[in-house]
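You will see two complexes here that share chain A, one where it goes with chain B and one where it goes with chain C.
Our next item is the complex of A and B:
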């Protein structure tokens, strides 16, 4: 069974841990408990095993520790769809990921989609232009379990397919 | 691995695990059991990646460490959370007693003192997130409130609505489908149906309660290559301004004590009546009324009683006249009645008589024991018999009143 590492990257409070909990345990909590350091979870899929590194989010006074990104086969960059500044940080996060793992595939999760009524499709198209390595961009909701499996699934499929070649 | 290293690890509660380039576990101490991700896989010879998930994915980095091609001679992962405890993971290489280069991973539990630092970080992040989301919410609420008050919509160059905001649907209690595609005049009444770009216009619309609401609308053109193809209309509710305008207009034309029209309003009304009578060959009369015994009321009872009396007379006269007539107060104790379309001499005389009868019938009840009596001195003038302008008519009526007063004084 192929086992590989995926790192969740994003600003603090965007819902990285919630997405991991929803994907791995199918659970959700409204309470915000900021992740400090890193927590690693394992998720067995049909053709692979993913080690999900849920790392501490970027804050103004504490940048992401690059070492955590070492050896990742892909990244999920997460932003809070209700906080514009976290969406604006996506490019910076992608640059950080590619600084450690060149051209690694990336999926972008625009999380907390349950809190908004709509989001412009043109904004998503704009995000695609950030990098050629972006595999998928989805509006996700860990709370409503919306597009969570899809975002992890699409990255897994891309990685499994590319490693199988 | 040397015994001294084992002793140091045991003394400092450091877990360690030794593995080779095939990632096979060669040695470990007992404390590793409490932090292994999969304890069932923990045995000599098993794959370390099944025991410690941190090592999955970093195989190339480990081999670079082994081959001395890595930038650093250690791989360091700090602050790994396992079972509510934080650990640092350091992976290094060493030469075994057999001369083989092996890996050793040290897992060092963070001291309890570091927990207060973690709690502080968590608290800061929590507060920052709360601030950011609350700030956003308050901004949203701010704009929602504005949006509720400002109706805005887009119209094409023919005045057909193409886009509306929430305030529009809320105001008319209609869905977007029921509004978009219709001409704006279906919803707003304006003097001019042409919406000129960069201009303003006053709209009236009826809300769901049936009230007429006035809007001040700005027309902003949407241009493409300098050609306007649409207009954005932003409407601000100015009903309260209209109300103020009405109140000011009323105040300008009325006596603040009695609420009756004042001299200015009376003269306007007389001018309008003269114009009408001139056209239709009609006539009308005015009656100048001056109060008798008004000064003693002020002197004996005070000015508040004088004010009460004036208000009382205003009511008595207003109740006396017909619909269409006007009672005005033009001075301290001077009232005018404009009898619309009335100039028959006999009828006017009878009205005059009835007017004289009013004061004794309607004294002011000042208190249980005090009735304030008053009297009228009356002078009449008619259009067009006596005069054909408002000031002249007033002057003549005043003069007639003065003679009447003097005559009655002489008689008494």
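Our next item is the complex of A and C:
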């Protein structure tokens, strides 16, 4: 039985909490509630127990507490596909994560995919070049329950496989 | 004007029944709405009422509040009473004695300790948590107070710790979150390098509890520090069962202390019984030794027993005497002395009288003493020699009965091995001359006196001796006449002797017509008229 910690990282309002809620409780709420500090959830999978650390979103005035990132086995960096600046700060978030946990596997969730119609595969390819540790990049929608289980699942699989070696 | 007032009155009369009905109906159909509308007003109304008519409100609420307060006070008092009762019942237990001693040693009041005991520390759960990830490495909980979602708790705790540490470290160094309190509970956090122990405690915790927590974490780090450091999320590779056992000890030890007081009070009687048995045996032994010592002392002080080696043994007032004594006198003396001693119930007298004990000097003097006594008697004349094995008695006795008596007496002296008798029977000399007047046959007074003294000798003669009477004549007158006188004289003597005493011996009489030898009848005719008494051994 594996038990490990995953931290959700991203700017405020990108939908980190919504993704966690969808993944853990399979629910969604249109209301926006800003996370203060950290919110922790637990998800039992077949071979592992994931402790999901959903931390306060990053803003210009509030840096992320590095302490919260300690010991994480992987990160999910979330961006709002409709807000360009949140996608641009993905690199900064990855650097922060790797500053605390070197070469930690990372999945990038481009959330709120329900709000756009066109596919932009090229953007995803560009994101891959940021780091070798990126395991998967998916357009997700917490609202439509689109690719939510996949993004968490792929990170879990990578971690389970790497620990199993 | 008055008409208008009249119209208003009549309108009021006409509408008031309808309006009243409408209000009633409205109350029935829209109670909820009215409640929400009135609710905000109630607080203000009460405030206003209290401000203006305080006494009214107090009167109105008094029955309700009074009951509520009295019920609360009663419940609190009951709790307190039951606790006090328990304390009183516990009053003389080992726990309370321990508490009294502890209070003295620590210099705090007993009631303070009592208070601490009442507010006993109750560990609900222990979690060993990975410091960075907040993953629960091991977890033990009181089954009566299970913790829901320990993983969540651990992660949240870790987050809080992280937050506090991050914030604090900006202001000061090396300070950590040690405790979180909520309500009557608290979470004690004891951290090491890669893990920390979170202990959920109900009620207050004491120094002992903190010490135990620290000790437990130290043990865990000592034994499993490497495994904790290398923990990568794989709980299967982690020795969580061993750690579980270690932290469970802490959980159980807190409970065990409570159970300890349930030991049956009779258990304490066992060492007490042993102690009293031991002291009783010691006391008994002491008494026995005292009795023995006292008897030894009195035996030593009693000159007859001083030289004797006697063994005295006392058991529970029963005295046993062992050893050898020369005479039964000593045996009886020892018995009497022992019996009179204080604390003696019974005497087992196993003393043996050894007859072989003899003193030759004593025997010799015994014989000398005996012979001196015997020799004072007429007819016994004895001497003795004693060469320490053989006693020889030598001498004469008048007759066989005296001889027999001598032998009897000598034999009564004890411890003489051999006795040799050289006794001769030698009767006393008897030679009495009785003189008669001329031509007379009657005994003169002098003759009677002589005969009486002769009787003492005759009585001592053995019966084998004959008493011989020889009658002599003065040769005056005819032979026949003289013979007749002689016969008569002899008969008178025999008659006299027989009347004076019992004589068993036989008589022989000799009547001669002559004068005794050496007597000249012409010169001393009165010496010729005589009877000579002597004895003669019987011839077979």
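The rule is short, and it goes like this: the second predicted complex is superposed on the first by the 164 of 165 C-alpha atoms of A that agree within 3 Å, B and C clash if a C-alpha of one lies under 4 Å from a C-alpha of the other, contacts with A are read in each partner's own complex, and residues count from 1 in each chain.
Note that a residue touches a chain if its C-beta (ideal position, glycine included) is under 8 Å from a C-beta of that chain, and two chains touch if they have at least 3 such contacts.
Nothing here was measured: the structure is a model prediction, and the numbers come from that model.
K.L.:
Does the chain A-based superposition show chain B and chain C clashing or fitting?
P.N.:
On the shared chain A, the partners clash.
K.L.:
For A:163, select first, second, both or neither according to whether it touches chain B, chain C, the two together, or no partner.
P.N.:
second
K.L.:
Figure out whether A:22 sits in contact with chain B (first) or chain C (second), or with both, or with neither.
P.N.:
After superposition on chain A, A:22 lies in contact with neither partner.
K.L.:
Which partner, once the models are overlaid, touches more of chain A's residues, chain C or chain B?
P.N.:
B
K.L.:
Pick one for A:139: touches chain B only (first), chain C only (second), both, or neither.
P.N.:
neither
K.L.:
Taking the superposition on A as described, I'd like to know which of chain B and chain C A:1 touches: first, second, both or neither.
P.N.:
A:1 sits against chain C, while chain B stays out of touch.
K.L.:
Just to be sure I read the superposition right, which of the two partners does A:82 touch: chain B = first, chain C = second, or both, or neither?
P.N.:
A:82 sits against chain B, while chain C stays out of touch.
K.L.:
For A:34 in the superposed arrangement: first (chain B), second (chain C), both or neither?
P.N.:
first
K.L.:
Quick check on the superposed pair: does A:13 touch chain B, chain C, both, or neither? Answer first, second, both or neither.
P.N.:
The first partner, chain B, only.
K.L.:
Regarding the shared-chain residue A:66, is it in contact with chain B (first), chain C (second), both, or neither?
P.N.:
A:66 sits against chain C, while chain B stays out of touch.
K.L.:
Look at A:51 in the shared chain and tell me whether it touches chain B only, chain C only, both, or neither; answer first, second, both or neither.
P.N.:
In the superposition, A:51 contacts both chain B and chain C.
K.L.:
Looking at 128-136, 290-298, 398-406 or 470-478, which bit of chain C clashes with chain B?
P.N.:
The stretch that clashes with chain B is 128-136.
K.L.:
Find the residues of chain A that appear in the contact set with chain B and again in the contact set with chain C.
P.N.:
On chain A, the overlap between the chain B and chain C contacts is residues 3-5, 37-38, 40, 42, 51, 65, 67-68, 70-73.
K.L.:
Taking the complex as given, what residues does chain C use to touch chain A?
P.N.:
Residues 130-136, 149, 151-152, 155-156, 159, 162-163, 165-166, 232-236 of chain C touch chain A in their complex.
K.L.:
In the complex of these two chains, what residues of chain B are touching chain A?
P.N.:
37, 49, 53-54, 56-61, 75-81, 86, 118, 121-122, 124-126, 128-129, 132-133, 136
K.L.:
Using the touch rule from the top, collect the residues of chain A that touch chain B in their complex.
P.N.:
My answer: residues 3-5, 12-13, 32-40, 42, 51, 56-57, 59, 61-62, 65, 67-68, 70-73, 82-83, 85.
K.L.:
Using the touch definition from the top, list the residues of chain A that touch chain C in their complex.
P.N.:
My answer: residues 1-5, 37-38, 40-42, 48-49, 51, 53, 65-68, 70-73, 159, 163.
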